[in-house]
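Have a look at these structures, which come just after this line.
Paired with subunit B in one complex and with subunit C in the other, subunit A is shared by the two complexes that follow.
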Partner chain A sequence: MIKHKVSPQKIIIVFTGILFGIFLLLPMVTILFKSFCEDGNVTFKFYANLFSDGSIVKAFGNSVLVSSVSGVITTVLAFIPAYAINYTNINRKIKKIISTLIMFPMLLPTITYGFAIIYSFGNQGLITKFLGGHFVDIYGMAGLIIGYVIYTLPVSFMLINNTMGYIDKKFMIVSRMMGDSRLKCFLATVITPLISTLAVSFIQSFTLSFTDYGIPAALAGNIELLSTRLYNEMLGSLPDFNTGSAVSIIMLLPSILSIILISVLNKYNIRYSKISVVELSGNRARDIIFGLISAVIILCVLSVFAVIFIVPFVEQWPYRMNFSLEHITEIFSDDSLMSVCRNSLFVALLTSVFGTLIVYGTALVSARRSEHRRYGKLPDIISLITNTIPGMVLGVAYLLCFKGTFMHNTFAILVICNIVHYFSSPYLMMKSSLEKLNAGWETTARLMGDSWIKTVLRIITPNAVSTLFEVFSYFFVNAMVTVSAVIFLASTRTMIVTAKIKELQHFANFNEIFVLSILILITNLAVKGLVRLFAVIQKKKGKSI
Partner chain B sequence: MKIKKTLSAILCAVMVLTACAVLWGCTSNGNEQVIIYSNADDEAVESMKKTLDANGYEGKYVFQSFGTSELGGKMLAEGKDIEADIITMSSYYIESAQAEYQMFEELTFDVNTNEEYPSYYAPFLANQGAILVNTDVLSANGLAMPTSVKDLANPEYEGYISVVDIQGSSTAWLMIQSLISEYGEDETKEILTDIYKNAGAHIEQSGSGPIKKVRAGEVAIGFGLRHQAVADKADGLPVDFVDPTEGNFTLTESLAVVDKGDNTNSLAMEMVKCIIENGRTDLMEYYPVPLYKGEIADSDAISANSKVFPEALTVELLEKHRSLSESCK
Partner chain C sequence: MLELKNIEKSFDNVNVLNHVDFSVEDGEIVSILGSSGSGKTTLLNIILGIIQPDCGEIYFDGHDITEVSMENRGFNIVFQDYALFPNLNAYGNIVYGLKNKPDISTPEEVQELIELLGLKEHLNKNIEQLSGGQKQRVALARTLVMKPKILLLDEPLSALDGVIKESIKDKIKQIAKEYHLTTIIVTHDPEEALSLSDKVMIINGGTILQYAKPSEIINAPSDDFVTEFILRQLEIKRNNILALFGSDKAVVV
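Presenting the complex of A and B:
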């Protein structure tokens, strides 16, 4: 009875295949092609030109250097609050506050960080004034490192905190009882099981910094990075799309390498057969020290963002420091800025609705046991590929592939670009959550005569609702803050906030930049809050049944 | 119970989709708007908006700002396919794009300019370069007031000056023109090398970069647009300007209508005409250089030492000066 009909799983997979064929494979092939072909002939000219004057090697070297230093600093800094949460007896509420506040930078676009840093550490910056002197030159390496560390700290913390939660703390007691010194115990029972996660954290932080455009857009000074070079080749005064493609391919290589490294490292993750709940030994000094350092780290991060909430409310920074709402009312009455905000909201909503649908559909096929499960290999592969492609490279590829077609300058291209760019994480999140549900539901339901769709709607979906909402908010927040890919795709009619900030940067209109950033922040907080609220309601409901 | 949950999930989805639809309505109602791509500064854009709004075009256009090099690159890459209906841009760039793509329409109205211009664009402002100074920072650091562009190469100013990169904005060209016309290319190279060394990380991509840095006290001295320092000084900020002994050079910016064949928006030409005929008085407040017959500049608002570069300004000449500048970094 079912045989002669095309199964919905097949439809989902075919649809996904076509979608990613057009919007992932095609653009990437185009960009590769562009970098190696001129007038139909294969040529290495563009690469040769790039390497001949040595500037690309220097840019690459600068990018590697600054990203590595940031990766090390971030990993060390992220370790401390993670340790405070997992290995100290600090009050639970304080732990909760630490783990929430450290995520804060994720809610803002990286392009905002740069300006926040300028207005914090510059000659007339808030923190400079507070400390009474100029102590760091932010235009260049130092500024970039500060920016990258703030940017990648949340991701690093999440990784380390997560692994620490799965380490069996009983071994600490064993080690101490065997007479190990504190240091040895620390190295053997905390650091050793964490080694591969620390390496992954370094690589993740490195890759994020290496491919980011928002922070160097404001702070690179006269240091050329690979990302600024790519932007200038594509959108600079003398655009050269072939050379730009070659730069993209060069940028892609470290990403691919890092994804391979991460998957190898993940195999070395130590797995404990069970995690025992252990009463941690009392040690007030340890608790206070780690609590304080964590608080200082968080305060430092947050203090950099304080300017965002101060500068636009001052009449004329830094000379007329009296409170004024003039800038705010001006911005809110500027219809062009408000329409940019509406555009961003629109793109984020569409991205999250369609992104969630696609992720849910593909994860259903790959995670749930059925005769169609083998098709689930396709989304697995797509997830792996999308994970390796930096936003900037994807944006450049779209620009080259869809320039002059009906897709050019539309909202659709922004939405699809976001979905493809951010497909990987929510897909894996959804898949692992669906795998945990009872594997027999579909079979039982089918025996009862329900179709697959009915089963999905009536049984699986209600049980997956909280993950669905998490996926929704992941897409939403990222669509609101992303800049690297969409900077190449946003047009006048489809202008979104992050691309607008880049434009305002050109005129150094910091008031507008900061107010728009605040709007992004508020929107993201609202969506996160709604999702959290929904999760709480779900939990209560679950209990009452 | 489960059905109820499913229903509520569907309800949520419907609500979200409705929100999308409403936003779609809000965002796409402007499809007939004239799109204006501009490299002009804030003040100029604001002034043009004011003129258009006052003449009944409110809500019928949308401005999109770019840096000079970004917009120039876009014009060269896209030609007639460009999204814009009107472009406001440095005149030499408009001329080069026209030579390359024939992308602009002939103006359908008469322009009464002091000098002769091609028939497909109308100049709407002229920018003049000058040295900008933050008097507070200058005296706090015991620095001497510079009198020429060449002075900026003085090692005493290392770390205290900000200039524009000609890669990013043609405001830098005003400085380079003044050096080349006064000292020749070879000596200019030496001077420029020292200036870039002094500027360090304060080599700005935007023409208004130096005035922002001078205004914020990040540097003591900058080279930028004269009128901006004039306005800041009048506003009571610790900002002053110096007309360099090499002379103040000028670049004009112009309006042109993109030729899109049958799809050309008829409002575009009307708007250009409106800005030229009704907007000049207002624009002259910020950019006091006279361009049209009958315009008179305030005596102190324009430099007494205005000069014109001996060669015609073209993108090719800009390229030549750009590579000269690059060799000095």
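Presenting the complex of A and C:
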């Protein structure tokens, strides 16, 4: 028990501490410093300037308004398919299809949504033509809201669907037996236990929209948002890093507030001691209505993306509509575009390999019972902090902190930025999965002569493989689609697809934009497919022995 | 012989064990009997070496092992939930320790254990395919392969039902006898403790109330707690069962 050897757990934690000290704490301190200091003196000048002309208040107000409206619409829309899955007797296969398709937007960068919306609802848009008229002005509020709803629908659906799965449906029977009306039963046994989740869904969707840059990059039009303002302060025609830092801090505040709110709300979640499996009452009308509305929601989302697969495959949208592979072959023979794709793949692979290792190592320390468990507080805190920092703010902070250092313009900075940005969710995923494994394994294996590392390799890892792959694919997909942070960090040498799409916007090269988006989509689908395949093989292997 | 001298332990200023003092002879089966919160699991963990006592000493065969690490004490444990490794089959679990210490048991000894515990036809099964009793026997075999100097069993019967319970009891007795193995069992069930062990230690609120042979506990309970909670429970059980069989038979039994 009394050993003076340095344990591997300690090494993991020290390494993590140093990594996040340099790549989380330092940049965040820098950005705060930058927003309050000029030539070594403390000043409120940059904030004062921002507020003096009122433009920042306007931008902030616009961001709040558009994000709130999106949050409400998203939460209402996400409720319907979640209800269809948990409370109707729709065929199980159809339920599976609903819950899979609704996740589809997650596989594409938000910046693509913007352009897809332009080509769907714009003057020459696919849906505009299909419906025979121009009915919505997409440059501005309407477009932004459509984009944000599509963007946040998967997250909102996941939250609501997850909580609904843990609601004990037996209470519906009890409520009806006690003489409640249908409406009262619905309010008491479905809505009440969901209230805090619905609020979390709103806040989550609000925060994602509030801090996203991809959608406004294409659709903001004349409306100034906080995110477009931040971009212009940092990378616009007249860059002002101090003011940019001040805008970042203003963007950070609602994020911090929302994370606090979410953690408070989660405490109000109703927990059922156990979930009973209950036959839901037969009600064909209910099943058909919810099935149909869910199908319509999914169709609407998918129809927006249809243009991606059409525009690059015709001669010249929308005038010469003959099928043609001309653009495709052109793009595939363009070496600079292909090298951008290779860069993205490279960054995504490195992000997922190293991200998975760090998440696994830290979760092992914090989730498994040992004398080192108290060190697990550090990754817990890191997870909490990274969760509050929007990608854009992190990107700006890195730009300020590492400009001029050897890290500048490297792939390493992109990889590390992604790992720090996306650390929280996979860490919590890994931790909860490791906590569920039998707590006695380490002690038992140690009594059989194993060292900790040996137990991790021989016992823990084989039993955590499926979560490890989930974590891997989470990092991979997000590294492929992320726009907000990397847009400040990708250089000509390290250009990746999402940043390239932003650049192509200037030249209105939509064929390229859509083909690159398709490539991202295919890569993500391939990785997800491989992970799924692997999970199935694992399951079969488990059963056949 | 295992001796514990004046062991004390507190967690967050709550006293969990007070002046715990006892010894266990070689080859004896001893049960530590107490309800949840009595300190019995803490005591087990201190013997095993997972946790250190705040004060007091532990001696094994005359050597002070208080500061000796868990893996160097040479004791071993079967946990209540068995902690079997699901990525390995039954056999893989049984021979797990041999990968680290190849010479600790010969192949013949391993075979003998497998025979003794009736596991021959289950060796290639996955852990999920095993019944509760089979899991318990695999876990016992896995531990016995390591030739522990003391075998610790944490609630070995609580997850089993009826007849299986009785057969595992017999196996534990048989193993202790055949290998002359000192066995310490933690349980909350008086019937289990008194019918399985050579000696029973009743612990409550971190203090040993009585440490004696089962017959002595039945005939000369040392304490009101022992009478009220331990013996009363057994009597109610006995009366219920006797009533089931009818009072005539009760007299015969």
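Throughout what follows, the second predicted complex is superposed on the first by the 543 of 545 C-alpha atoms of A that agree within 3 Å, B and C clash if a C-alpha of one lies under 4 Å from a C-alpha of the other, contacts with A are read in each partner's own complex, and residues count from 1 in each chain.
Throughout what follows, a residue touches a chain if its C-beta (ideal position, glycine included) is under 8 Å from a C-beta of that chain, and two chains touch if they have at least 3 such contacts.
Note that the structure is a prediction, hence the values are computed from the model and not measured.
A.B. asks: On subunit A, which partner touches more residues: subunit B or subunit C?
C.D. replies: B
A.B. asks: Does the superposition put A:353 against subunit B (first), subunit C (second), both, or neither?
C.D. replies: First partner only.
A.B. asks: Thinking of the overlay built on chain A, is A:441 touched by subunit B (first), by subunit C (second), by both, or by neither?
C.D. replies: A:441 sits against subunit C, while subunit B stays out of touch.
A.B. asks: After superposition on the shared chain, which partner residues are touched by A:459: those of subunit B (first), subunit C (second), both, or neither?
C.D. replies: both
A.B. asks: Where does A:238 make contact in the superposed view: on subunit B (first), on subunit C (second), on both, or on neither?
C.D. replies: In the superposition, A:238 touches subunit B alone.
A.B. asks: Touch check for A:450: first (subunit B), second (subunit C), both, or neither?
C.D. replies: So A:450 only meets subunit C here.
A.B. asks: Between subunit B (first) and subunit C (second), which does A:405 come into contact with in this model arrangement: first, second, both, or neither?
C.D. replies: After superposing on A, A:405 lies clear of both subunit B and subunit C.
A.B. asks: Across the two complexes, what residues of subunit A are contacted by subunit B and by subunit C?
C.D. replies: After superposing on chain A, subunit A residues 458-459, 462, 545 contact both subunit B and subunit C.
A.B. asks: Quick check on the complex: what are the subunit A residues that touch subunit C?
C.D. replies: Answer in residue numbers: 1-3, 438-441, 443-450, 454, 458-459, 462-463, 542-543, 545.
A.B. asks: Would you pull the subunit C residues touching subunit A in the complex into a rising list?
C.D. replies: Listed in rising order, the residues of subunit C that touch subunit A are 49-50, 52, 67-71, 75-77, 79, 81-87, 89, 96-97, 99-101, 124-126, 128, 142-143, 146.
A.B. asks: Write out the stretch or stretches of subunit B touching subunit A in their complex.
C.D. replies: Those in contact with subunit A are residues 1-3, 5-6, 9, 13, 16-17, 19-20, 23-24, 26-27, 30-31, 35, 37, 41-42, 59, 62-70, 72-74, 76-77, 81, 83-84, 167-168, 200-203, 205-206, 208-209, 212, 216-218, 237-238, 329.
A.B. asks: Where on subunit A does subunit B make contact in their complex?
C.D. replies: Listed in rising order, the residues of subunit A that touch subunit B are 122-124, 137, 139-140, 221-222, 232, 235-239, 241, 316-319, 335-336, 339, 342-343, 345-346, 349-350, 353, 404, 409, 411, 457-459, 461-462, 465, 468, 491-493, 495, 503, 506-509, 545.
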